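What follows is a short report on a single structure.
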Amino acid sequence: MSRSRRPDPWIILLATMSAGPVLAGLVFMLLYSTGQIGLLAHGFTLHYWRVVLDDRQTWITLAYSLAMGLASLGASLLLALALQAALGARLRRGALRGLLFVPLAVPPLVAALLSVEVLGNAGLLARLAHALGWIDQPGDFPSLLFTPSGVGIVLAHMTLVTPFLLLLLDRLGRNARVADLMQVARTLGASRWQAWRQVCLPVLMRAGMPVLSVYFIALMGAFEVPLLVGAQYPAMVSVLIQRRFSQFDISTRPEAYVLASLYACLAMGLLLALFAWRGRREAGERAA
Amino acid sequence: MRRLWLSLGALVAIVIAACGRTPSSTPADPRAQDWSQIQSAARGQTVTMAMWGGDPAINAYMRDYVAPQVKRADGITLRLVPAQGSMIVNMLMTEVEAGRQHSALDLVWINGETFYQLHQIHALYGPFTAKLPNQHYIDWNNPFIAYDFQQPVDGYEMPWGNVQLLLITDTARVPSPPTDPAALAAWIHAHPGRFTFDTGFTGMSFLKSLMYAFADRPGDLRGPFDAKTYRRLRDKVFAWIDSVRTDLWHHGETFPASTAQLHQLFANGEVDFTMSFNDGEVDNRVDSGLFPATARAFVLHTGTLQNSHYVGIVDRSVHKAAAMVVANFLISPAAQLKKLDPAVWGDGTVLDVARLPAPWRQRFAVAGTRTHAPLRRAIQPYARREPAPEVMIELTRDFRERILHE
Amino acid sequence: MRRALAWILSGMLVLPLVLLVLLSLARHWTWPALLPADLQLRQWRDLFADANGLGTVVLRSLGMGIGVAVAATALGFASSRSLARHARQGRLLALLHLPFAVSPVVLGVSLLYAFLRLHLAGHLLGVMLAQLVFAYAYAVILLSGFWNPRARSLEELASSLGAGRRQVWLHVLMPLARPLLGVCLFQTFLISWFDYALVLLIGSGQVATLTITLYQYFSSGDIRLAATCALLLLAPPLLALGLNQQLLSATIVTHLEAHDDD
Amino acid sequence: MTTDASSPTLRVDRLGVQLGGQVILHDVSFVVDVHTTMAVIGASGCGKTTLLRAIAGLLTPAHGEVKLGARRVDLLAPNRRGIVYLNQEPLLFPHLDLFENIAFGLRLRRLPERQVRERVAEMLVQLELDGMERRHAHALSGGQRQRAAFGRALVVEPALLLLDEPFSNLDPDTRTSMQDLFKQLARRRGITALLVTHDLKESMRMGDSFAMMRGGRVHAYADRKAFCADPASGVEREAAFWQAFTSGDAQVSGCDARTADS
């Protein structure tokens, strides 16, 4: 392979298009939130940073986003694994195979709208419960949406993520020849459960880890679903940033930037740690 | 390799050039011109108007009626973009910060805190209303029109419509709705989970109406912001909320984020009340099938807010003359009459009918009949003026802190 | 047992679509009715008669999507080749994931100012450029899976048989990558077509797309009109699904997978 | 069949290649006479492939010259050198059928359609592949693919053909028949070729002249005799093995009967 000394313009484009906007945005937010640019700028100040760092809500929101991301991904993963274990090859046959793709055609905005209509207190499920005589009033139906527990957010995300994970697991399984490996385990005396638990699961998780972690970071920053079905409080971080950014009180804008910078650093940190870990893992495997 | 660099460079240049087109000179200030000069300057221009775009009825009025009219009569192209309230403040503020000389917006549909905030950052052009020929029909003595949230509009905003806050219920479920806070609280206790209000503009306006109910003196909320009075009344309102809280929808742990959500809850039958800051809306909603035919609007007899909404011209607009001509058309008797019809929009007029020429007076007298809300005449006695804009800002913040525990 | 479960799952997958169709046709559908009382086409009529004409909105969204897809795929294809040959591939790959990590909302609020400065905010082109950041990164990641040693050998073979740079791309690489390019075009189209956050922020309300319209109806409380919009939003991907499932199955992760295979 | 009169002598002069700071080729110099095949024998990892790729222009050498006749080609793009590089694996373009694969180079040269047809048809007959024109790569056997790859290279009448272990993936019978076919075609078309292999027999069968490669250095032999006489070439050991084998003394020589590929 040739490596000319001259920089490859496509690599420069690649770096500028991906890191450029992120870094430019970060620098801008840092300048703005320290009072060096903007309408409210009166010279360098750490006031807004202090306000946001002292605000309990900042930490609650970050923790909540982390929790929602984990819960959404974890629940989807559990469901996908359960479906895969329960349905096996049937997932790849007949109408179900095509139908599994349907949720991939649904944007988050529509998923959120649908969860309002299905999961709401007067939604389809509640009406079914009513028709079955289980409840009298919409209020009797358990509240799934707009609650701090975030059930609605998790459920809406599950509809979006699970089919994707099913496809992913299927593909990873075939790439890693999980079925063959499990057969080997069985001939070595493993029970069906042991084979799944000790061979299938670890192999899939190991292969799927990089993808899953990127997905987790993306879910942590989700916007449309928590905007439409999340509680007023606590809010997920994207929603809170947007809310602070476009509030009437224009003095909150620097605070929105502080929050956004904090979150951006957190997400970038996680991502880079993930890639560093992957790099090390690959290097380790090559060496071994 | 070099060719690639060149083409990448050219691409960037094209993008910047395509977007960077700005008018090279700023036209003369229309305030120094007479109306016919303004009209001829306006001809052929395009006016971009920011307005809330969520109501098909309003959209249809603007697109099918206003836009063709100004095109035909004045040669102006009206471009409507969906933006409202804080979004407009944000856009204009960001434009100022970014040093844009020419705003993307010309005309903005605003009131209350939006007006207050835009005024703060000097984003509005004015005074201009005195230049409009049709402003003679406006009753500037009406405090509901001349003051926007206790702030004199001073020619920086042109009144466009006038509305009053109403509660809406389904008479099939609630035959005789409660009309004061005490009765409402009793009803809530008797019907747990069936009442709530939203945390948006309308819900906060409902709370402001309650402040009027708890006020000792009628003048309590008049004039500039008074922190002491505000805190006293706020505490009473919060005490009222606390007293009913556990019997609110979802035990008062969460609230709908917007009137839209509240409407949806009401339409689904999840709660028995919703509210609207447009007294003509309920007819429109029944007509579109969202609300049941048995839906009725009513007012708290302890008073509900009435306010006007306005259009302002953006200070950095380069189409001020055309924006003024459009604004003038919006307050023409014909446009106002059309807007009054619940089938079209159902928005109250800002014109003083007594000042209109005779044929218009008759038309206005028979127009705007609605069947699902009391007539304006009947609820006018309960109308209260909007308190100072700081009340809204403070109340929103305090509500978030004290009730939502944010 | 398995069969029953498969049926239930199928039902759950179809139900949302049925629900959307019913919502778009329902006039009254209040608690506790399981089905709407009366169905009619009024919402559809209203929608297409509404402000600025929904036709324009759909065309604008389509145009944006196609523009973003073509640009992202073309630039991404070329860049992915360089990426595949770069010594620091892992690091560059991490860079490409950055926009997705910081999320569209954060990128939108932090770039609005710069976009305004460049006269890009509130313009179709500006929104497309912002979407391109995501679509391009996606395209590079997806397409870098194409440049395996085999593709490289074929490329070298063609050039050793006398094909010039342009001929290699035109007669060898593009035909070879065609299925993947199709997937990439479609997926990057969806990035733009489904986008809400960037249009909201960078578009500053001045670029009305289908998602913006949907949200507006939703936030005005008319979920029936919102559902009608939602059906329009689902139409292209569902249509594509009917034609070719591969178009939808590709994801941001195909590349990561490909790397684990190596 | 006409011989290509323009096919000149290949002259490689002090060619050096570094990859990642490591020296892969040290000042390699040798000459291949026109219309002859030089066989370079060497163990895997000795730099054989790098040598061919440097001559083909698929990587940039650190220094040195490559001349075809009087013309210096090392500064030209790979597609302008008139040198065809053939991989070990018979790579056919998967998006083209057999006919179009062979026609690929001719089409690049914009030959008239009639000529393309004639020359491809003729080549197909010589390769004994006639009747399979419309088949795609996956419908051909390994040997057929190998022949097709040859035909595709020969039909453009390259000034130089570079063969990188061309038959290593084939079973012994097919390999022998391919070697014969190549020999026959090379003679008939007056091909100048450079062949690298680790198979001693293959080099003996196919080479007109010989070289030995070890650790990035090339040693060219004056003639066949010199090649056989050099103990490093392994020819004598091989011969000794077979002699011992046929005389029933296999046990003794079996252990050191390894050819250069170990």
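Order of writing sets the chain letters: A, B, C and D. Residues in each chain are counted from 1.
Criterion: a residue touches a chain if its C-beta (ideal position, glycine included) is under 8 Å from a C-beta of that chain, and two chains touch if they have at least 3 such contacts.
These figures come from a predicted structure and were not determined experimentally.
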Q.
Which two chains have the greatest number of C-beta pairs in contact?
A. A-C
**Q.** Chain whose average C-alpha position is farthest from chain D's own
**A.** B
(Q) Quick check: how many Å separate the C-alpha centres of chain A and chain D? (A) 53
Q.
With centres defined as the mean C-alpha position, give me the chain C-chain D separation in Å.
A. 48
Q. Using mean CA coordinates as chain centres, what's the chain B-chain C distance in Å?
A. 35
Q.
Please tell me the distance, in whole Å, between the geometric centres of chain A and chain C computed from their C-alpha atoms.
A. 17
(Q) Quick check on chain A: which residues sit in contact with 2+ other chains? (A) 1, 10, 13, 116, 122, 138, 245
Q.
Residues touching two or more other chains, restricted to chain B: which are they?
A. 87, 90, 97, 264, 268-270
(Q) Residues of chain C that contact two or more other chains, please. (A) 31-32, 113, 218, 223
Q: Flag every residue of chain C that touches chain D in the complex, lowest number first.
A: 150, 153-154, 156-165, 167-168, 171-172, 175-176, 178
Q. In the complex of these two chains, what residues of chain B are touching chain A?
A. 1, 4-5, 8, 85-87, 89-90, 93, 96-97, 113-114, 117, 120-121, 192-194, 199, 249-250, 253-257, 264-265, 268-270, 392-393, 396-397, 400, 404-406
**Q.** Complex contacts: residues of chain A adjacent to chain B
**A.** 6, 9-10, 13, 37-39, 57, 116, 120-123, 137-139, 143, 146-148, 231-234, 245-250, 253
Q) Across the complex, what residues on chain A touch chain C? A) 1, 3, 8, 10-11, 13-15, 17-19, 21-22, 24-26, 28-29, 32, 83, 86-88, 90, 94-110, 113-114, 116-118, 122, 124, 126-128, 130-131, 138, 159, 163-164, 167-168, 171-172, 175, 207, 210-211, 214-215, 217-218, 221-224, 228, 238, 241-242, 245, 256-257, 260, 263-264, 267-268, 270-272, 275, 278-279, 282
Q.
If we count contacts the way the header does, which residues on chain D are in touch with chain C in the complex?
A. 53, 56-58, 77-87, 89, 91, 93-96, 104-105, 107-109, 152-153, 156
